[in-house]
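Below: a set of structures, written as structure tokens.
The two complexes that follow have subunit A in common; it is paired with subunit B in the first and with subunit C in the second.
Then we have the complex of A and B:
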């Protein structure tokens, strides 16, 4: 990268299944308290990037109500209609352009209380074919993907339940998560509501209301704003065909390619040895091994042994979703921003009960599209690329 | 302290209709279904046979131009047993489970999503041979290929 850019601060809401306050007030209180904690005002922000989705808001130009709430009034402001991780990507590019020193990224979702979550996912299907057929949706597609991986690599339903239980256990120690079930076991997962086999309710993200704010700054500004900047070492995205039938569901090639580019920027040669943890946008437990393997963190097909040996636990070889990931909370469009915020919390030693020891380099991942059609990868570290 | 009330607007409906032109490729596919025939296209670059037909191959950035009639037989690659469906965004229980499969029609390089019948959900497995069963009479819609029936 032509200049170093860092995450200088982040804050997320305590996520809920149904926010008692409006989304505008939720976002205002989050961003206002973030400014106060950082000791800054809106005048310290050069550019704002929001992430919303017009379908989930039920209106176009869907970020418009948030402009005064986040401090973007009469300022440079744009919106990304995608996962929030791409808003962070956009903010990064603006700082790299040399025209901006700071960027504020805000994402929020009200899929817990304001609209049925699966609705917006049905509206991303091909309207003239798959939506007409009525068979594919976000959950059934993930179930087909799970079936493909389980068949190819002999991952059992018990393995899958253990992966879900591991995530929810981590979420139970995360004060921001909405799904917190103390002492959850694989049996609890296996006795939850069966949706599309092998996927059950506890394999899937919970309906969530929540928001996340993240601030980026150039190196010069970052050093003024914080003693603990988290450096963006690499960032890349890639996408593949929207049609499920033309993809290898066990390996999202676009994620593999995005990771390759991000690692090249970050000078990561052996991700499985150099990466200390990963925060993955796993909307379903079955996606955890698939994404971790595409990212080169674990060998292909190792999902069963990784969970059996405890390698993906907070204390394991490469912890996956030490925060609990989206199985703990998934406010749509904020989810990818939260992955970066949680990775930063680890690198700054602020992850509380889920703190990974000696975390220096982390991967954060976000996706949009059925079965992760478009993937974005961030590599973050405690020191800039030398 | 004043009591806070949290008013909710119970329903803001959003309903409108789109009239999509399906394009020449999907049109021919649907006309084929109306005659109980299955058509795919072959890409001049990678030579893959894609079904449903695509007017652009993402891999080659080329326009597949050779039509290929495919047989009604194939192999079940992946499946899921649906115990629920999604109706207007809500997850609803189904009275009877339905098998949703991805089928590799013989001679095709992509998979078709369809309902699978003729096997108990508990007996369903990848690799089963299947045969297309058509709606009678067909109507020239994506629903004409009603399901694939297990034949082995």
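Then we have the complex of A and C:
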């Protein structure tokens, strides 16, 4: 990268199943308190990158009433229509260009009190064939993906339940998470409502209202704004074919390619040795081993042994979703931004009860599309690339 | 810090913009624009490092259409960013492509803006901006329904709001409805010289426009844009690669964007903000001129493509963008200064009022500005004098988003 860029601050809401205030008020209060905590005003922000989605909001040009709430009135602002992690990516590119020194990224979701996820995501299907058939949807496709991996690598339903329980257990220690079940066990997961076999309610993200704000800055500005900048070492995104039948659902090629590019930028040669933790956009528990393997963190097909040996636990070899991940809270377009924020919290030593020891390099991941068709990878570190 | 230079090396259209394209589906329509853009260079899809795509998703009812489109636009196993910002979408997507190259992360990037209005209803889609507020008004009454309540008074869509703007603009500049007839006639006859334009009416007169029915005073049917189907694709690359790939380069000298409040033109705390004021446009234009190193836009810019969804805006925007003196646009129109061969040609392409595939429209403004700089505007809409710098403008949201791009025949200094 032609200059160093850092995450200088972030803040997420305490996510809820149904917000007591409107989305505009929720985002306004979050961003306002973020400015106060950072000791800055909106004039310190050179460019704003929002991430909203018209279908999630039920409104055309969904950002129209939100822009003044984040302080972007009469300021430079744009919007990414994707997962929030891509808004962070665009913010990064804007600072790299030299045209801006600071960027504020905002994403939010009201999947709890407004439209439920699967209803929105049905509109991602091609309108001519798949949508009309009514067979493929977000959950049924994820179930196909889960079955493909389980059959290929002999992952059992108990393994899958343990992965979900591990995530929810981490979420229970995360003060921002919405799904917090003390003492959750694999049995609780296995007795939850069946959606599409083998996926059950506790394998899937909970309906969530919430938001996240994140601030990026160039090296010069970052050092003025904070003593603990988290450096972006590498970032890349990639999209693969739409058609499920043409994809290897157990190893998303777009994630593999994005990871390869991001690691190259970050000068990471052996991800399984150099990376201390990963925050993954796992909308379903079954995606955790698939994404971790595509990212090169664990060997292919190791999902069963990783969860059995506790390697993905907060205290394990490479902790996966120490925050609890999207199984703890998934406020749609904020979800990918939260992955970066949680990874930064780990690197800054601010992760509380879920703190990973000696975390220096972390991976954050976000996706959009059925079975993760478009993937984005960030590599973050406590010191910039030398 | 020295910024990387970015050049536009190709502009592709799927063909002429029309009301209905029943012969193709969405991916097929866009694919034609992608192929057209590539065919004008010696590039293949392999050479494209990343894609940026944008449209207004509620118009066709497809969420994240980039996912379905990936295979048909060549964006398989490639980076792709999706942008959607209302009317400004096309130019916001272009700016995103610019930043892809300027960031140093990618060298050659394709930007795509599209809309297929025959697969949806634009006014229903636009009504969706204000409709949620309609329900709060039923629940809490107008006083409690907050910003956006005024929008419901305009009946959704955009013509209602635009008619307030037109009235306010006419009052400010001392113009007359006849001036709107006149500029609409100019747009329709310019469009006749652009083989890709939708509403082509050779020799259209102000009398022809005046005969069309009134929609919302002072705006007549002849003052409003059509809903078009079409796609625009542009290829951007670095200064090192530009000359290698193409004989014609339009250099991006400035990109700027700004956001005002959605309440512009609506009732806020007992006062109506003026929808014709558009301070944000002036602010963004000044930022762009500073970036491009332009001191006197009236002299240094030879042609402008502005986002005129309604004909009066073709007079209003040049004033707000400091291309003509405030209140002088009607007078300049009368003496032919805004025509293709005038002092300050505005929308030689026929503009948005003649062709409006919304997600493409703001990108088409940059595309047309680039073609003017390259000297490649087809069918007689090329500005006769040498175009050194051209300005493109986008407008969107609820009267609130403005984007500006300046392209030129030389690189930006510094």
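Criterion: the second predicted complex is superposed on the first by the 386 of 386 C-alpha atoms of A that agree within 3 Å, B and C clash if a C-alpha of one lies under 4 Å from a C-alpha of the other, contacts with A are read in each partner's own complex, and residues count from 1 in each chain.
Definition applied: contacts are C-beta pairs under 8 Å (C-beta built on N, C-alpha and C of every residue); 3 or more make two chains touch, one makes a residue touch a chain.
All values derive from a computational prediction rather than experimental measurement.
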Residue contacts with subunit A in the superposition, subunit B compared against subunit C: C
Which of subunit B and subunit C A:374 touches, first, second, both or neither: second
First, second, both or neither for A:240, with subunit B first and subunit C second: both
Which superposed partner A:132 touches (first subunit B, second subunit C, both, neither): first
Contacts of A:9 with subunit B and subunit C, given as first, second, both or neither: neither
First, second, both or neither for A:196, with subunit B first and subunit C second: first
Touching partner for A:58 - first (subunit B), second (subunit C), both, neither: both
First, second, both or neither for A:151, with subunit B first and subunit C second: first
Touching partner for A:289 - first (subunit B), second (subunit C), both, neither: neither
Partner chain(s) touched by A:143 [first = subunit B, second = subunit C, both, neither]: first
Interface residues of subunit A shared between complexes with subunit B and subunit C: 58, 120, 127-128, 240-241, 243
Subunit A-touching residues of subunit C, taken from the complex the two chains share: 1-4, 25, 54, 56-64, 66-71, 75-86, 92, 95-96, 99-100, 102-105, 125-129, 131-132, 147-148, 255-262, 279-280, 283, 287, 291, 396-398, 400-401
Footprint of subunit B on subunit A - complex, ascending: 20-21, 58, 115-120, 122, 127-130, 132-137, 139-140, 143-148, 151, 194-199, 240-241, 243-246, 249
Complex interface listing, subunit A residues touching subunit C: 1-3, 48, 53-55, 58-61, 63-65, 67-68, 72-82, 86, 89-90, 92-94, 96-99, 120-121, 123-128, 236-243, 253-254, 257-258, 368-370, 373-374
List of subunit B residues in touch with subunit A within their complex: 6, 12, 14, 18, 20, 22, 26, 50, 52, 54, 58, 77-86, 88-91, 100, 102, 109-115, 121, 126, 141-143
